[in-house]
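Two complexes come next, and they have one chain in common, subunit A, joined by subunit B in the first and subunit C in the second.
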Partner chain A sequence: MPDQLVFAMEVILNGLMAGVLYALVALGFVLIYKASGIFNYAQGVMALFAAMTLVGIMNGQVPFAHLINATFGTHIHYFGWNVPALLAIILTMAVMVLLAWAVQRFVMRHLVGQEPIILFMATIGLAYLLEGVADLMWGSEIKTLDVGLPQGINLWIDESTFNIFGYGFFIDNLDIVATVIAALLVAALVAFSQYTKQGRAMRAVADDHQAALSVGISLNFIWVMVWSVAGFVALVAGIMWGTKSGVQFSLSLIALKALPVLMLGGFTSIPGAIVGGLIIGVGEKLFEFAIGPLVGGATENWFAYVLALIFLVFRPQGLFGEKIIERV
Partner chain B sequence: MKLKLATMALGAAMAAGPVMADLVFPSLSYRTGPYAAGGIPFADGYADYFTLLNERDGGIGGVATKVIECETGYNTEKGVECYESTKGEGSLVYQPLSTGITYQLIPKTTADGIPMHTMGYGRTSAKNGDVFSHTFNYPANYWDGASGAINYLLDTNNGDLSGKKIALVYHNSAYGKEPIRTLEELSAKHGFELVALPVDHPGQEQKSQWLQIRRDRPDFVLMWGWGVMNQVAVQEAANIRYPMENFIGIWWSGSENDVLPAGEAANGYKALTFHNVGTDFPVFDDLQKYVVDAGKAAGAGDQVGTVLYNRGLYAAMLAAEAAKKAQEIHGTADITPAMMRDGMEALEITEAKMTELGLPNFGPTFSVSCENHGGDALVGVTQWDATNKTWSLISEFKATDGDVIGPLINEDSGAYASENNIGSRC
Partner chain C sequence: MFYREAGDFKVSYVDDSQTFPIKFDRYRYYVVLAVAFGIIPFIINDYWANALLLPFLIYAIAAIGLNILVGYCGQVSLGTGGFMAVGAYACYKLMTAFPDVSMFIHVILAGGITALVGVLFGLPSLRIKGFYLAVATLAAQFFLVWLFNRVPWFYNYSASGQINAPERDVFGIIITGPNAPAWATYLFCLIFLAVCAVVARNLTRGTTGRKWMAIRDMDIAAEIIGVNPLRAKLTAFAVSSFFVGISGALFFAVYLGAVEVGEVFGIQKSFLVLFMIIIGGLGSIFGSFAGAAFLVLLPVVLKVVGADMLGWPTDIVAHLNLVIVGALIIMFLILEPHGLAQLWRVAKEKLRLWPFPH
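For the complex of A and B:
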């Protein structure tokens, strides 16, 4: 088999894996948009906040230590204990639920019935607030996140492909784990929305707020639940990306990677986020591999948006989005 | 009664003698935003050194120093705002800490007569003091970095790089592209093949670049990265099992921030530098005594001795030494920005002076002149020990290739001089 074809196969596989990571971020956007029609600009910052909280809890860091020390003249930074990863994840999830409640209680509840653009603006404000709170709470230094996920080349794939093609493919173990987790997450979310009372209530709210209210569904509860689930998805995305690069401010920028995925997959479809992620992942990697060297490289960021725009022209609602029909 | 009070006040003022204004050193820091992890230690080191001078020596030449900090968030517009809002405070020298801000401030500082020091960043051709009267970039610049990396590789490969392949992984920005021209010239001179691999901002996704490195198997990889790009690159290099000892980053890719997230896998990674690392220097004892233990450390006081803290401290030390030189030249302790510029242009850093300052072998020896605002261009190499979590200087500060860099600097500064009608002044 020609070398270039083998290399292209490796690139496609890695593109699929990268796409899963993009989809993990896009999922959080979809969940909130589906349930409340809000494009949550703060989703990327939620991933950062969740990952910082997880590392802080694992390391026994005192939250707001700098503020406490500056106010009271103390010198405390750590409690002196370490929390096991699993327990820390559960505690972080509790913090994300608390955050969801606070967002609902202090922001969204007061904006019910407002134009979508107002709600969008509110999430921009929320993003910057959360960024500042995360910095103040846990400090802005880069933190190492190790919850025991494997990293590095998968030797089995390397050897197997070497035996077949004479060239061992590189697949990162972390990407394989991310793929498995994303598959489980999507299955769980689909099952939740289809087969549980709360999931059905969530879909009812998404369809029509007024109708849902009239049959006794609590809008407040559903929104807290949706923001909590989005917080959980943000935590998963934060763990995956944070393990790769360390937990730092730039984690909030992964939202940029989710936008073309949403444009392509649709804002209202969970499978759309996954398929959109895969198409973007493979598309950008393959373009960089084939065309990148001819145009000086670094094509991935803009090509993802070009790909999304092409889809948008032909299917404005995205691949799996609900078709917008307005009668006049 | 009023006349009596006025007379008394005048008499008291005369008896007290002339009141010296503080020597103002603005700090255009970035403690927030995506690059805060790099901005905080530098700002802390810069502030702590001036605090040390105040507490231990009573300032510089008997005049207290004052650091005015202004948050730029590493944003060019905010950086320019910071400059405009602080230049009237008697600011003696600006350190913009960003190539973008530097480019904006070159014409402004020149027009305002305030010197600017861009140590290891900014416009490389500002080394030509004949054109850039108020911009200084000693002791080293990006092109020195490129040449320093190649010289180090020559040293460790019996002086021969012909037939070797060297990949440059760079931030796809003006900063990241800085070394390309120099490396192309050096490639032609030494016969190695250069492969340039751009990474888009912010650099969280680099799979394509590292798959290519895995396919092409370059003998060495150089990196011009910043922020998250560095951590991801080191991790990806570890993932594809690229030998870390063959991977060298520029000085902005060589702090603890860049290697800690990869853990043990980052062991052996190298970075260029123009100053030493660690706390094994007498000045740190004074810092502990007069600044840290006294509760006067900047920020949280937890950055002392990190690579970027040391860089901030080194920048402050060079500014303080230039201020001393200015006081000496003009015979007054109360110096102006114009006098400070003269001090910077006459600065000479010898090993004897560094030892006297409690910083033996902390940085290269160099001198500045009207024509040469970039110093002697000496560059060293550090290496990361992941087990002990320490950087070590593994080479001396060595000369870079002036034969290649000199003409490039003259070409670029000459073009700037033509565009801006700047005549020779040296």
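For the complex of A and C:
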């Protein structure tokens, strides 16, 4: 087998795994969009916030330490204990639920019935607010996150591919774990929205707010729940990306990676988010591999957007999106 | 008492359709112009120019441009940073290629080039609407920044990848470079802002502006009553990008002098200008000024209060700035979706009846 082809296969495999991670972030968007019609730009910052909170709790950091120290002239930074990973994840989830409640109570409730674009801008404001709060709470330096996920090259794949092709594929263990977790999460979310009472209520709200209200579904509860689920997805995404590349500001930019995935797959479709994520993941890695060296590299920043843009011109609602019908 | 139409008789159609129909408004406008052109240049110094006035003037131009697209034509764009970069790099290439030509011409040409790029990226708006368009404009943002980072021709193969504004003049007065006097740079930007504001104001209350607003309010209905969506949307993209390009050129050549594209014209810049028009007021020229002033002032005030008076570390002040900006955006969207411009309008209505409101 020619070398180029083998390299390309490795690139495609890595692209598929990156795609699953994109899909994971995109899922958070789709959930909120389906249930409340809000395009939540803050999803990426929520992942950052979740990851920072997780690290902070695990290391026993004092929240707002910098602010307290600056105001009162004290020098506190740590409580002096370490929390085990699992407990910290549960505590972080509690924080995310609290955040979901606060967002619903103080922001979204007041904006019900506004135009979608106003809601979108409100979430951009929310993203700024959360980012500032996260930095104030836990400090803005780069942190490492280790919850015990395996990392490094997968030797088994390396060896077996070496035996077949004469060239060992470099596949990170973390990517494999992330793929499995993402797949499980997707399955769980689909099962949740199809088979549980709350999931059905959520879909009812997505379908028609007023009809859902009239059969006795509490909109407030559903929205808090949806934001909590999105917070949970953000937490998982934050753990994956945070373990991979450290917990830092750039983590919040994964939202920007997820946007073209959404455009490609359609804002309203869970399968769309997954297929879109895979297409973008493979597409951008292959493009960088094949064309990148010719034009100076780092094409990953924009390739996904341009692909989505060209795609949208031919199919404005995305691959799996509901057909947009406009009436005067 | 003094702020009303009564007694101000119009005797011609020109009088009747002027920009400021109320006498008080008109005088206020002349006073502002007189102060801006006649007094400030004599008392300005480097600190005021660089910390407040230049960024305000330049951002106001960008905000007017974006307001035309978002506020008047309803096409949300997140690509402002990228279009500003086009203006900056076009200006740089022109400045280095034609050193003898006046800066005025360079800046206007830079705006023209940006307008062409804007039309190109505006083409998908004919098919894509709403968020899909907002996200699609991000393609412009990322692609343009990448292009200026990676293609050496744009930065004249300089080793650092930065672009530096060489010294250029207008009628013998140095405008760019480290030796430019504060008053000259201020006046140069002010002239552009004044002209842009007048042009934008008159465009938006004429046929073109009405077509934009028809498209914004309901594009299908507008099409049915005879507005050509292709022309209306593309003119909005062109005019908006023209202004944004001018502001990008000024931002680079006059204000900063040296630019690293990813840092200066990144997506944060797009959001900053978008926030200006949200806080200031969508669909209002005055709002663009108010929003730009507000968001230029806020970090400076916070720095003076937080870092200099209270002695907090600067990173905390920077984070607080984020929190406050985010909270303000949300508050404005909830409490006053039409922004500072609406507050101003309400104040004027009150003033009209004052002191006898009944």
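Operating definition for what follows: the second predicted complex is superposed on the first by the 325 of 328 C-alpha atoms of A that agree within 3 Å, B and C clash if a C-alpha of one lies under 4 Å from a C-alpha of the other, contacts with A are read in each partner's own complex, and residues count from 1 in each chain.
The criterion applied here is as follows: a residue touches a chain if its C-beta (ideal position, glycine included) is under 8 Å from a C-beta of that chain, and two chains touch if they have at least 3 such contacts.
Values in this document were obtained by computation on a predicted structure and should not be read as measured data.
With subunit A as the common reference, the superposed partners subunit B and subunit C clash. Looking at the shared chain after the overlay, A:Val295 reaches subunit C, while subunit B stays out of its contact range. Residue contacts after overlaying the shared chain place A:Leu136 against subunit C, while subunit B stays out of touching range. Touch criterion met: A:Ala18 reaches subunit B, while subunit C stays clear of it. By the touch criterion defined above, A:Gly125 lies against subunit C but remains apart from subunit B after alignment on the C-alpha atoms of chain A. In the overlay built on the shared chain, the residue A:Gly152 is in contact with subunit B alone; subunit C does not reach it.
By the touch criterion defined above, A:Ser245 lies against subunit B but remains apart from subunit C after alignment on the C-alpha atoms of chain A. Look at A:His66: by the touch rule set out above, it reaches both subunit B and subunit C. Once the two complexes are laid over each other on the shared chain, residue contacts for A:Phe221 go to neither subunit B nor subunit C. Once both structures are laid onto chain A, the subunit C stretch out of 27-35, 117-125, 171-179 or 243-251 that overlaps subunit B is 171-179.
Counting contacts by the rule stated earlier, residues 66, 132, 135, 140, 296-298, 301 of subunit A appear in both its interface with subunit B and its interface with subunit C. Residue ranges on subunit B touching subunit A, taken from their complex, read 31-37, 40, 172, 196-202, 204-205, 207-209, 211, 214-215, 227-228, 231-232, 235, 238-241, 257, 260-261, 263, 265, 300, 302.
Residues of subunit A that touch subunit C in their complex: 39, 66-67, 70, 107, 110-111, 114, 116-118, 120-122, 124-133, 135-136, 140, 256, 259-260, 262-263, 267, 295-299, 301-302, 305-306, 308-309, 312-313, 316, 318, 324, 326-328.
On the side of subunit A, the complex with subunit B involves touching residues 7, 10-11, 14, 18, 66, 69, 77, 132, 135, 139-146, 151-153, 170, 172, 241, 244-246, 248-250, 253-254, 257, 285, 288-289, 292, 296-298, 300-301.
Those residues of subunit C whose C-beta lies close enough to touch subunit A in the complex are 76, 124, 127-132, 134-136, 138-139, 142-143, 145-146, 149-151, 218, 220-221, 224, 267, 271, 274-275, 278, 311-313, 315-316, 319-330, 333-334, 337.
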